[in-house]
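Next up: some structures, all given as structure tokens.
Two complexes come next, and they have one chain in common, chain A, joined by chain B in the first and chain C in the second.
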Partner chain A sequence: MVGAAIAYYLARGGMTDCVLVEADYLSSGATGRCGGGIRQQWSTEANTRLAIESVREFSTLEEELDADIEFLQGGYLVLAYTDEDVAQFEKNVGLQQGLGLDVAILTPDEIVERVVPELNTDGVRMATYCPSDASANPFLTTQAYADAARRLGVEIELFTPVTRVLTDGGKVTGVETSRGTISAPLVVNVAGSHSVPIAATAGVDLPITPCRRQILVTEPLERFFHPMIISFSFGIYFRQAKHGSVIGGFGDPDEPAGFNQTSSLEFLTTMSAKLAFLMPRLRSVKVVRQWGGLYDLTPDAQPLLGETDGVEGFFQANGFSGHGFMVAPKVAMLVAQAVAGTEPDLDISRLNARRFTDGPVTTDKSVV
Partner chain B sequence: MRIREHPILDFQKGPLVEFEHDGRKLEGHEGESIAAALHAAGVRVLRHSIRLNRPRGFFCAIGRCSSCLMTVDGVPNVMTCVTALKAGMRVETQTGKGTIPDVRFTEAPSDPDYPRDLGSVPLAIVGAGPAGLSAAVAAGRLGVECVVLDENPVPGGQLIKQTHMFFGSKEHHARVRGIDIGEILLKEIEDLPVSVMTGTTVLGLYPGKVLALLRNGRLHRLTADSVILATGASENMLAFPNGDLPGIYGAGAVQTLMNVDGVAPGKRVLMVGAGNIGLIVSYQLLQAGVEVAAVVEGLPEIGGYHVHAAKVRRAGVPVMTSHTLLHAVGTDRVEGAIISEIDGDWRPIEGTEIKLEVDTICLAVGLTPNCELASQLGCDEAYVAELGGRVAIHDTDLETTVPGVYVAGDASGIEEASTAMLEGRLAGLSAAAKLLTRPDADELTRLRIEVEEGLRALRAGPFGEHPRAGKQKMVELARSCGGDQ
Partner chain C sequence: MNRDVIICRCEDVTYGEIVDAIDAGLTTTEEIKRILRCGMGPCQGRTCSRLIARIIAEKTGAKAPDVPYPAVRPPTRPVEIGTLEEPGAVRIETLTGTGDEE
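After this line comes the complex of A and B, so read on.
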């Protein structure tokens, strides 16, 4: 989705001589495999600001792109189970409220009375709740960006893997694909985990580790709860999409690094048990599908954005570490501004890959 | 609309029981599908679609297409075409998505024995149709212990509704009716180390050849050294205006309804497609006392055997080649069909439209292989038009690109039941050859040559042109994947 969005914002800004090259089909990578949540509750100021800006973009996107993306502001309910959770969440809420975000701390009773009557709050210490957090359909959103980009003159080449990034004297000159070479003085690498082998062809080493995450989806039903429900310590996230299906997953801390995207029976049973514990009525709901996808993890779980040191014109927009979809509209806009050489609305230099060689980095505590 | 007299079949039905449909009392036979019982009572609309609120009936009758979802005893989205009727059931027309049920399953996923572990078997065969049962016979005779898994209540796959006699030579069960072949195969496995688990849906196939099974509403785990996927095929749909009206059925569904459930699909039928299935089902409709208005076929020539076409024509049914269905007529069920002649580029010729008064439209427009399990496991796949769609790439042993996983029958490419049985045997032999510690090489070679000769004979001639071309492509694809050295 970030790739399609960058192409759209470049074209909207006047740079219509732009080609979007995709190895497979639209949303075939991490976007089409993600949970579709859009959260503003983060633990660092920079991330929270970026997320607030992204929700603002998302909320007007259907009108701007003239398409239904199943955008729904159902809120996010973040459950705390441990002392560490409670301490961290209290700090987070102070920071988030200071940035103008409507977020509150709820007791277990308040959760059941005000937000999700069906939730089993056994062991829950408290929760933070932000009603303007949202969700959208990743496929529809990517398609909407791609269609809008096409209307502005962007060419989209599907089923066309990039085999090599071409450089000459420290400058990028284009890409070689399975269907021929494309000359370009500016190249943006937005290939998720596959950004690593692509960058390597230009001698660039990206600090990204691919790692599988799994997810499942149930039959569609009439709405019976509104927010995305997540917990970092219990290890879960799930929501009821606008089309009625419950969709959710969790990250296995023992998952080995690699490009494996298969699904496992252990995930299906563990996830079912977690869902049945948190919301007992879900026991009678049928799972219809499960699948795997890749997180492109960086050491600080923050994306790599901006031009690459040593290769002029070669930009990175990858390493989103499992939360690319939710910040995609704003990040794509900022990257497009950087590529076009205009002043970005928000400073993204802190997210350049060079941060790992420059000194210590701050890690966000709010990563599932 | 129950069929009382039939020249071939004698319907064995369960006792008559009462059930409730939208608050009114109806009767049906215990054990038949809910959809069949409703159809017999004249009910065709089973649900209304989520977005456009369109009336929907069933289409495939084998639990594939989700067109027949209803709310049963408070549980929404129940596939009524494969759910057995029980006395006192509360069946409701479902509108929209359905609401989360109040009922609770007795099993909690947090139970310590969830999922129940069934241990491991040398060979698991998915599908108890002609290919799967034949695989079990071949492997079982060589002493390989195997389990055959099937979601249906009775084994036999699609054979249980095929009342026509098979062609081919005697070894291929020629002049035997499909319904009897299943019985023969089941008899053959009686004394073999083979167990058949019906009512068991294979939900998933995971790395390490771990199968997730749904049986009696409970999740089970089974691990296998080898797996044969004999999962069959699904009916193709044709896109045309009003194509979702109740009364438009796949040919397999029509066969299920009239040959298994003993329920007439309607009074007057338009058959679309003059391949073997379209022609045979047309004849079966006539045998069941149903009128067939016409058989339309887009190609300038019929696709099936002429002997089948002749039987239908003799009964006075026009077989109209270079004709297509333009659209169905009706508001909440089929009330007619508009057909027209088409030119060489498949464009309707203006002025040739005819309106047929029919209450049922039967689509016999081909099948697509079911390859989901192979796909989930990560077997390499390819789209091969001659084989009916996407199939797992397999070598001449029918082994996929995942060692120890085989495909056979329609799942490996659409053909006839006779070829499915031989492919099943071939897959059974291939699996056994690898599983046995000391296989009898001479015996295996002899058996294999016999099967290969049979397949060659069945695929000879003009009707075998597509499968021959498809299987040839498959050999090349398998080679490029490193199989078949």
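After this line comes the complex of A and C, so read on.
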């Protein structure tokens, strides 16, 4: 998604001599395996601003790209179970409201009365609810960006793995692929976890750890709740897609690093227990499918954006750490501005990979 | 073939929609599944994957047996959450603050 979106924004800005190189098919990577949530509730000002801007872009994207992406502003309900949750959420809401976000704290009774009547609130201390948080279909969004980029003149080469980033005297000169070499003075590495081996061919060491996350989807049901329901302490996220199916997952804190994307029975049975607990009516609903995908985790769970120190013209847009889809429209626009040599309209220098060699970093508390 | 013939019975995807997708550049069963949803329903493509591979073969000149089917994802058949749930997996009184999100 990030790659297709950057290609689109580059072409929209006039840089139409651009090639998107995809190892497999569009959205075969992390985007096509994600939950499709679009959240603005973050614990730092910079991330909240970026997320608010991204929702603004998402909300006009169907018109701009002339395609249905199943964008739905069903809100996000974030459940608090622990003292730490409550303290953090109270702080977050103050910050978020100060930035103009339509977020509120709800009591367990208010959750049931106003937002999700069928939610089991046993153990829930409170929740934060932001009705303008959203979701969209990751496949359709990626395809919409790619189609719009193509219409502007971008070439898209599918089933073409990049085998090497070519450099000469500290400058990027192109990429070598399985189907030949492409000369280019500007290269953006948007390969998620696979960005690490790609960057290594140019002598660049990216601080990204690939790590599996799993997810499942049920048969479709008539709509019975609107928001994405998540909890950091309970360990869950789930929503009801426009199609009607319930889609969700959780992260296993003991998951080892690596490129494994297989499905496990343990995930299926534990996730089922979590869904059955929170939404008892789901006990009679069937799971249709489960799958795995990769988080590209950075040490502070924030992406790596911008030009690479030591390799002129080689840009990174990776390390999204499990929340790339939701910020992709705005981030892609900002990276495209940086690639084109113009000043990004939000400062992204704090997200350059050099932050890990420059000194202390700020970690957002709303990420795990 | 009539464009209105249903190829994916779970998700109501027609022959015409599949042909249009191939014409728009989606040349594998994986890509067509992701955009049109065929193979995402309860039967998991057991009925339609072979038909779609055949349509791709006809449109692209490939041999039908050479067109790969989409990845098989568990469970093999849909199973109720109440059957799958692990007893005792949820213990809200011991929550400590590790978790994850979307």
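As a convention for this text, the second predicted complex is superposed on the first by the 367 of 368 C-alpha atoms of A that agree within 3 Å, B and C clash if a C-alpha of one lies under 4 Å from a C-alpha of the other, contacts with A are read in each partner's own complex, and residues count from 1 in each chain.
The criterion applied here is as follows: a residue touches a chain if its C-beta (ideal position, glycine included) is under 8 Å from a C-beta of that chain, and two chains touch if they have at least 3 such contacts.
What you see is a predicted model; the values in this text were computed from it and never measured.
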{"item": "First (chain B), second (chain C), both or neither touched by A:244", "value": "first"}
{"item": "Chain touching more of chain A, residue-wise (chain B, chain C)", "value": "C"}
{"item": "First (chain B), second (chain C), both or neither touched by A:37", "value": "second"}
{"item": "Touching partner for A:277 - first (chain B), second (chain C), both, neither", "value": "both"}
{"item": "First, second, both or neither for A:224, with chain B first and chain C second", "value": "first"}
{"item": "Partner chain(s) touched by A:356 [first = chain B, second = chain C, both, neither]", "value": "neither"}
{"item": "On chain A, the residue positions that both chain B and chain C contact, one per complex", "value": "219, 263, 265, 268-269, 272-273, 276-277, 282-286, 290"}
{"item": "Chain B - residues contacting chain A, complex", "value": "50, 75-77, 96-105, 108-110, 114-115, 204, 206-207, 210, 212, 219, 221, 376-378"}
{"item": "Chain C contact footprint on chain A (complex, rising order)", "value": "25-28, 32, 34-37, 39, 81-82, 84-85, 122-123, 139-140, 143, 147, 213, 217-219, 228, 230-237, 243, 249-251, 253, 263, 265, 268-270, 272-277, 282-291, 322-323, 326, 367-368"}
{"item": "Footprint of chain A on chain C - complex, ascending", "value": "24, 28, 30-31, 34-35, 37, 40-42, 44, 73-75, 78-82, 84-90, 92-93, 95-102"}
{"item": "Complex contacts: residues of chain A adjacent to chain B", "value": "219-222, 224, 244, 262-265, 268-269, 272-273, 276-277, 280-286, 290"}
